[in-house]
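For reference, the structures are reproduced in the following blocks.
Both complexes below contain chain A, partnered by chain B and then by chain C.
Then we have the complex of A and B:
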């Protein structure tokens, strides 16, 4: 295996892992809590920018002739921890505003509008987060700004893999907890769940915050890996790939989402190898068209994805009546919309 | 300062008129099909590129506007027939339709990118300016204003005064009841998507004229304004769309004159978010039920 192939594979594996974590977070918001977050990428950007300004510091900024409204130079694990905390706090604020005031189908537009407004604001104001150039030269964990060896890259991927397992345990614990059951009850029958005393707002807000924190984590890792973060990295269309992962893989099925992430990353990385036929953008174009077609096809023909959501066990006194277990709602036909 | 405002007033009104034309098309789709159609912006991108190819081939710009309107109308009918109607028939909820149209819009944009590439293009303009006090307006802007006003008013007149318009309004209010009263809802939907596609195509070319140079993705700056104008006016209400378009158009012009042109999109989107949070049914709707 030569260096370039190793690099290519390491990058692909890392992107797949980040897609997995991010899509679990999106799924918590999207299917478990029923919030259509068309601005998911904004929460990823919050994490990435936080990592950048908390690890660059004043010296890092002046080296790259960059500006930011605030800068600290913290050692490695701290910036990413701060990023997750900031992401959660940011989600709590946005969620508290959006969930309380707006109906479900308009939440998507509000969040999309907020993302675009944030994006245009960052681009327009160079003093805030270095405008459309973005922040670069972000020091990587342990090695700082020294160039990364192939071994380091694989160690990075290994570290993220461990983190993915931790996230899996966390998300699973959440969805299998009474909290997760209450969210599903709310999703499948909102008025019924509210009649049982489950308040929609606080449950949904907690799911939204958890999803936003995972998005910030993904953004932070991403910023570390590519050592740069700019408005071009978080165009609103990026959110679409997370939705594709969730819908193709299977809503509310953590394993299915892993498969969905592999499909999407395979699609993205595969088109990198496309020979150049006259138009340099053809690969990007075909990649988007394939992903869109895949997503629409799944929504039309197999709305529950490759691996559908498992039925959850329900305690019932009579063992013979287990056949009456509730079937998870079909995501495209659920009455919640 | 007053002088700066007066100078930019001419182009602000032109932009607002184009915005009104485009928003009426967008909002009509929502009215008859209940779909927040996120392909609409990408279709404007298609319009810009087709119009550019036509004008490069020697076709007059104003003829190209009409041809492009027809072309985008046909594509819109295809989107309605191949994507929106089948998905609605499967019982897709409004946000599923949003994701689907989002995906199709991205695919359309990608198709334009693959076909045309990321180059910057600009139309050759006729030139010539007219003055009215300190308000300055070019010949092209005058034509743009004329076309936009004519199209918007004629859509309004058709909706208001013809049997066809009455059937469309009935479909918008209650499709099932309209169907039972003998309105061919399916035909109404197809024709509405055709007409709104024509508005979308013309709007795309006219906005490209205002912007100057454009790429396959320039619509991404204009489309949020359309959504904002539609929401401010109450989605699905053509009259509200026109009012919303003028409000958004003038607010952005004012913002760029007073603060900085870099922030005009931020301000417009801020208005969108604020209206959705405070008056989600639009500014001009009296009752909240």
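Then we have the complex of A and C:
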């Protein structure tokens, strides 16, 4: 395997891992809590820009003749930690406005509108985050601006893989807890859940913040990997790739979402191998067209995805005092009725 | 049309006299909290635009009793139920639950105080199993902090194990045991009604408001639900039964209220209400 192929594969694996983490976050909002967030990419952008301005510092900005409203030079991993905190705080503010003030069926369009407004604002004001050129020369973790050694990309991928496992444990613990169950109840019937004592706003806001924090984490890692972030990186179409991953893989099935991410990244990377057809933009357009067609096909023919949501377990009473392991719910007995 | 200042029937065969009625406002509040009067609805008004949906309805409901609320479509029964449970805010009047003013509280806070309800259109959680539906209604609702869910797993798992046992008892009572791991969305209409009632009971309510629980049920299922409601009354629960099926309501209720166009037209024992000329005119004509 030559270096170019190795880099290509490493990039594909990394993109898949980032899609997995981001789609788990989106799924927490979308299918666990019932919030349709068409502005999900905005929260990823918050994480990416935060990593940029907390890594570059004034020196980094001046080297690239860039502008930003604020800049710090913090060592890794502080910028990514700050990115997650800022992403969570940003989600809390946006969620507090949207979830309390906007009807559920209009939240998606409001969030999309906010994303477009943010995108155009960032593009229009170069003094804020360097306008449409974006921020570049973001120092890579551990090596800064030095040239990466041949194994660096795979080491990066390994680190993100470990982080993906941590996120899986966190998301799984969340969805399998009373908190996750309450969110699923709200998703199915908000009035019914409120009549049992659950405050919809408070619970949904927490899910929104969790999803936003995961999006910011993904954005931060992505900015580190490609060392740049600009408005072109967070067009609204990017959100639909995350939705495609969730819908194709299987809503509320964490393993299904991994498969969905592999399908979407495979589709994207596959176009890299196709010979040029027409103009150079056609390849990029075909990626989006195929992803959209895939999403529509699944919604029409297999709306629950490749791996549908599984029955969630309950903790069975101990028969023997020594037993403390959870017992999965019995197999479906729907045939009995 | 009756006036807005409705009379105040006191529902509940074993109601202590102090709850029964003609004391001062302050002492009546004390009585409701101390002597078994669970729900006190005082001159509640609800308007939609220029239309009066509920026109000054008042009643009191005591422990171990069933109050039947009947009336034709558009009488304001479900609106009154929604106002009592917090889905709608009243435009005027007061609602006291166990002596506490609740009329400005959101629905979920009323539920946590012990005011449970079921809905006219059943509100089961379709993609949760029957067991999960019941667990959502129980003590685990105090364990929904995200951090607590992650960090104090042993604690809520211990609570859940106890709740599973309690849910199984209820499922046995409601003859739903064999559906425990079935998704609620796969149940029949009657089974969903039963799941909804069982789920409401998981929260140990003091008052249960049932909005047309017999709607769409087979005669056999109606009998079963009626049997359950009688047993619940015997456990001390106060029930407000909003229902079209006059035969069932009159058989079950200790007291009844008949409404039409937002106003109370008759109240009293089932015999008194069914003997009322206006009620007879509505139901005979209907």
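The rule is short, and it goes like this: the second predicted complex is superposed on the first by the 311 of 337 C-alpha atoms of A that agree within 3 Å, B and C clash if a C-alpha of one lies under 4 Å from a C-alpha of the other, contacts with A are read in each partner's own complex, and residues count from 1 in each chain.
As a convention for this text, a contact is a pair of C-beta atoms (placed from the backbone, for glycine too) under 8 Å apart; a residue touches a chain by one contact, two chains touch by 3 or more.
Computed from a predicted model, the values in this text were never measured in an experiment.
Asks: Once the structures are superposed on A, label A:273 by its partner contacts, choosing first (chain B), second (chain C), both or neither.
Replies: neither
Asks: Would you check which partner chain A:184 touches, where first means chain B only, second means chain C only, and both and neither mean what they say?
Replies: Second partner only.
Asks: Contacts for A:38 in the overlay, against chain B (first) and chain C (second): which applies, first, second, both or neither?
Replies: first
Asks: With the two complexes superposed on chain A, say which partner A:106 touches: chain B (first), chain C (second), both, or neither.
Replies: first
Asks: Applying the document's definition of touch, where does A:292 land relative to chain B and chain C: first, second, both, or neither?
Replies: Touch status of A:292: first partner only.
Asks: Just which bits of chain A does chain B share with chain C as contact spots?
Replies: Shared contact residues on chain A: 331-334, 336-337.
Asks: Can you tell me which positions in chain C touch chain A when the two form their complex?
Replies: Against chain A, the touching part of chain C is residues 85-87, 106-109, 111-112, 116-117, 119, 123-129, 131-133, 135-137, 140-141, 143-146, 148-150, 153, 156-157, 160-162, 164-165, 178-183, 186-188, 191, 196, 199-200, 203.
Asks: Residue numbers of chain A touching chain C in their complex, please.
Replies: 170, 173-174, 177-182, 184-185, 187-189, 191-200, 203, 206, 210, 309, 311-312, 314-318, 326, 329-334, 336-337
Asks: Of all residues in chain A, which touch chain B in the complex?
Replies: It is residues 36, 38, 97-98, 101-106, 108-110, 113-114, 116-117, 120-121, 123-125, 237, 240, 243-244, 247, 279-282, 284-289, 291-293, 295-296, 299-300, 331-334, 336-337 of chain A that touch chain B.
Asks: Can you list the chain B residues touching chain A in their complex?
Replies: 36, 83, 86-87, 90-96, 98-100, 102-104, 106-107, 109-111, 113-114, 117-118, 224, 227-228, 231, 260, 262-263, 265-266, 269-270, 272-273, 276-278, 280
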